[in-house]
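Letters A, B, C, D and E mark the chains in the order given here, with residues in each chain numbered from 1 onward.
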Amino acid sequence: MITALRGATVILGDRAVLRDLDLEVGPGVTVLRGPNGAGKTTALRALAGLVPLARGTCEVPFDLLYLGHRPQMLHGLTVRENLRFFTELRGRTSRAPAYSAALGVGGAREARIGGAIGRWGLSADADRPVERLSAGQRRRASLARLDTEWCGLTLLDEPFAELDDAAVALVHASLASARDRGDAVLVASHGHADLDEIAGRIYRIDDGRAA
Amino acid sequence: MTTTALRGSSASWIRLSLGLASLAGALVASVMALVWAPPDANQGEVQRIMYVHVPSAWTAYLAFAIVFVASAGWLWTRRRIFDAIAVASAEIGVLFTGLALVAGSIWAKPTWGVWWTWEPRLITTAVMFVMYVGYLLLRSLSADVEGRATRAAVIGVVAVVNIPIVHLSVTWMNALHQLPTVLRPDGPAMDGRMLATLIVSVLAFTLICAWLMVARVALETSRQERVLDARGA
Amino acid sequence: MRGAWLVAARELRADARHPDGFATAVTFVAALVLIESIVVGPQVARETTVAPALYWIALLFAAIVVTTRSFDRELADDAIDAVLALPGGRDALYAGKLIALAATIAAVGLVGGVLQIALLDLTLALPGHALVAVALGVIALPAVVIIDVALTLRLRGRAALVPVLAVPALLPQLVAATNALGLALSGDATGSLAWSGLLLAIALVYAVLGLTIAGTAIE
Amino acid sequence: MITALRGATVILGDRAVLRDLDLEVGPGVTVLRGPNGAGKTTALRALAGLVPLARGTCEVPFDLLYLGHRPQMLHGLTVRENLRFFTELRGRTSRAPAYSAALGVGGAREARIGGAIGRWGLSADADRPVERLSAGQRRRASLARLDTEWCGLTLLDEPFAELDDAAVALVHASLASARDRGDAVLVASHGHADLDEIAGRIYRIDDGRAA
Amino acid sequence: MRGAWLVAARELRADARHPDGFATAVTFVAALVLIESIVVGPQVARETTVAPALYWIALLFAAIVVTTRSFDRELADDAIDAVLALPGGRDALYAGKLIALAATIAAVGLVGGVLQIALLDLTLALPGHALVAVALGVIALPAVVIIDVALTLRLRGRAALVPVLAVPALLPQLVAATNALGLALSGDATGSLAWSGLLLAIALVYAVLGLTIAGTAIE
């Protein structure tokens, strides 16, 4: 078990958004499904430690990669600068020396960032500030972190939104290789039935509860 | 191709002749201001600062008036040349306002005993300066060619009210600053040689302004063309 | 805390890319000093007790402006969430922003101070002491303002709420900074240094306090 | 022809985002396809009059409904209040008296708004402020304007993003009925191959040009 | 222009739903008047020339705050695009916000004015004339500030740029409003009314100018 929610209840504003939810994420790909407003995003944010639990527990591992609903890149910096910042910050703050070493320094790190940029089709836009990118390009930039900062646990919220077919295929490939590495990935998504093929486990929620 | 080459060479010819004329004007004006014109009866030699101070202020007025016309022209026709003229004259206007402020301050120290004081003309001049610096800041903040031109043009149209405010400010309250001595209803009240020197200085400054303007507009239009050519690349 | 320098570098790089933010902050300070001086009248504005007070008020509002701007950038596309989800992200964010914003405000303060000296024709008896006062006085501003901005991060009415929270908390700091600078203006070296010592203490207290509660304050 | 771009060039920042683009939208469903960053969003914004053209022309009809990339609902108001505001504003500013009458007043209008809310599955959330909704719920609220303010020309930017399968089917139904009414709809989308079945015309663009 | 009232109603409804915006603006005015009074000293702050000036500066910044807040709400989820894409949307947006924000600022001004009278223990010789001055002085503020906020809508450094653009443009208005209110304080009825007349003229000029250019200014 890499992480889990147990009896998790989250109250936002006037509403109980998660109610007594149990969710276990082990190695491989776990898929979280549910209609609009089911509570998928909230469950991921709870696992990332961004939303407090009113009841229940959440086991957050030390290192995780959370790619939320929005691309989470700092406006004003370029794609490359954003990716570099995240790798460096993770390398500095990680408690696992082997991991920080693996993230690379100097040349090796730059090479990996450049590789990720190329793979996600952003070579022409790598040195433009992120606010000038189209919605899909920004999403791609955010997903490039899958290549620069792979992690024991990755949380992906609707990773396919705004992506064209080529990029959707890249996400599938990334999921497959994470599974093969034995890392844990939790994907929240409503559609994309083809996810089921790669998924080790599928949770369905509705109205904040297991459905 | 031939026409643009032709236009290019005639433009650079205009620029060259304007540059030479400004140089000549500056030389003549300097000699007149420093040697020929008599020192002031009360103030002595410091009064010669007037030959920089007053032309700077008037050139700034001229430049800001051009900003107004060009801004209105852009909003009306959306022809890019107006935007180029507007930015060129705004920069020149800020430059000369700054020069008038600095020269005024230097003049103020010996005559009034302070670098700066709080009286209508000085405040309104400072406000005019800040407003056009704001104009340039607004431009520098937005990168989109069309959007930037439109945003700036709105300010360029509105800010023109500063000119009459600054000009008329001396007549408000008890102004310390010189009342109109040249531009007044019943004609200039000044020594003939001083007046002649001032007129020549004003002409020289206007020439310099025109020269800077032509160069800056050329730079801006070539910048615009480069951006437009990005579409071919 | 090792991430703080990275965050600070990121912050300063984004600022240096667009120095217009700095330029507008300086123009803002100048405009505020200008208009306040017009209002209270030049004789009053030049007094060695009033001039530094106007200076620090302007600088406080400039600090609020640059801090808000810095967090606004962070809110676009939820960028802040990515940092908060990293181990030690909250502390790194606070400390990094503290470093970067203190540097920015110090630069704004220097340029704004020179402008004010020129505009009000002030004579600065002890420039060295004045520099010390500005350097120390500038640290507490972001230490407090960052927390206030973070607390109101996604709230409506934030623009008005931050000054309301920050001004009372910074009142001791404003008094000390005004005195330290005022005595440097009028030539009282020991008095100025004494107040600067208090400024140092305030800065330390607020910075440590900020670091302690940043984890909970930043939502 | 209801609207058209002719030789449209748009420059944003330092980049020509549309280059000499021709695009005609007639009655029925027109689909605009292209990979991430192709210029679809920009083309729609140009048609909506939100982005100035550096060259070329754009024929904007007087009344159009533009549903952009983001849900465009005012935070602080509820879903119902937002929908009511848009209907009323359109009724007041429209130059076609028949159209403003059709938008309904008082009871009829409220009934239509209520119907749209029900159809898009927002009955339980209609009187909550929009900022409290989930991403998909907010998108549904925005799409409900298709029912309350149908229009001669509708521009839809990635209408399927963030929607679950039930809502995707609703969008398809709305497109079909707009086509049957003889209204014009322009849909920008990268994927969703099933759009082709309903599409009268398909444009493909890449890098700002017809591809 | 028929859409203006709808936009204004929408604006005021969102404000009434969350009166915290109004409350913070009032607190903001009170805090600013208080802190400025402390700085210049109570005797100076009570002078009939200084007190109204402090009041109008505070109100100007409050106007900037509420206008920025109003447009920030509009920017979330691109709400503004939906209005701009409607026929006549730009003009309706400007006129509607002008109505709603003038009403809000007037309310802030009334409460802030009562607070200032209480805090500084002022005696108001001609309350009616003061009310007229506030009512007329309050219109020009949003007329100008809305344009400036709209011009800088998606720009970095907006928070600092708006005051830089607005303060010089509103200087005549500030002078007239300060005089109209100051003379009402000290009991000069005709003088106050004369300045109020000027205020009316300024308000009309700026409102008409704003309506004329709003279409181009709002991106």
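In the analysis below, a contact is a pair of C-beta atoms (placed from the backbone, for glycine too) under 8 Å apart; a residue touches a chain by one contact, two chains touch by 3 or more.
All values derive from a computational prediction rather than experimental measurement.
A.B. asks: Tell me which chains count as touching both subunit B and subunit E.
C.D. replies: Chains that touch both subunit B and subunit E, as defined above, are C, D.
A.B. asks: Give the chain pair that accounts for the most C-beta pairs in contact.
C.D. replies: C-E
A.B. asks: Let me spell it out: compute each chain's centre from its C-alpha atoms, then which one is farthest from subunit D's centre?
C.D. replies: Result for the farthest chain: B.
A.B. asks: Centroid of subunit B to centroid of subunit D, CA atoms only: how many Å?
C.D. replies: It comes to 49 Å between the two C-alpha centres.
A.B. asks: Would you kindly tell me how far, in whole Å, the mean C-alpha position of subunit D lies from that of subunit A?
C.D. replies: Those two chain centres are 30 Å apart.
A.B. asks: What is the distance, in whole Å, between the centres of subunit B and subunit C, each centre taken as the mean of its C-alpha atoms?
C.D. replies: Chain centroid spacing, subunit B to subunit C, equals 36 Å.
A.B. asks: Could you please state the distance in Å, as a whole number, between where the Cα atoms of subunit A are centred and where those of subunit E are centred?
C.D. replies: Distance between chain centres: 45 Å.
A.B. asks: Please list all residues of subunit B that touch 2 or more other chains.
C.D. replies: Those would be 127, 130, 133-134, 137, 141, 147, 150.
A.B. asks: Could you list which residues of subunit D touch at least two other chains?
C.D. replies: Each of 12-13, 15, 69, 76 in subunit D touches at least two other chains.
A.B. asks: Provide the list of subunit E residues touching at least two other chains, using ranges where the numbers run on.
C.D. replies: Only 18, 73, 156-157, 161, 164, 167-168 qualify.
A.B. asks: Name the touching chain pairs, would you?
C.D. replies: A-C, A-D, B-C, B-D, B-E, C-E, D-E
A.B. asks: In their shared complex, at which residues does subunit D touch subunit B?
C.D. replies: Going by the criterion above, the answer is residues 9, 11-16, 19-20, 52, 54.
A.B. asks: Under the stated contact criterion, what part of subunit A meets subunit C in this complex?
C.D. replies: Within the complex, subunit A contacts subunit C at residues 48-50, 62-66, 68-77, 81, 85-86, 88-90, 92-95, 129-131, 138.
A.B. asks: Name, in rising order, each residue of subunit E that touches subunit C in their complex.
C.D. replies: On the subunit E side, the touching residues are 18, 20-21, 23-25, 27-28, 31-32, 35-36, 39-40, 44, 50, 53-54, 57, 62, 65-66, 68-69, 72-73, 156-161, 163-164, 167-168, 174, 178.
A.B. asks: Can you tell me which positions in subunit C touch subunit A when the two form their complex?
C.D. replies: 2-3, 6-7, 10, 13-14, 17-18, 73-74, 76-79, 81-89, 92
A.B. asks: Which residues of subunit E touch subunit B once you look at their complex with the stated criterion?
C.D. replies: Result: residues 147, 151-152, 155-157, 161, 164-165, 167-169, 171-172, 209, 213, 216-217, 219 of subunit E touch subunit B.
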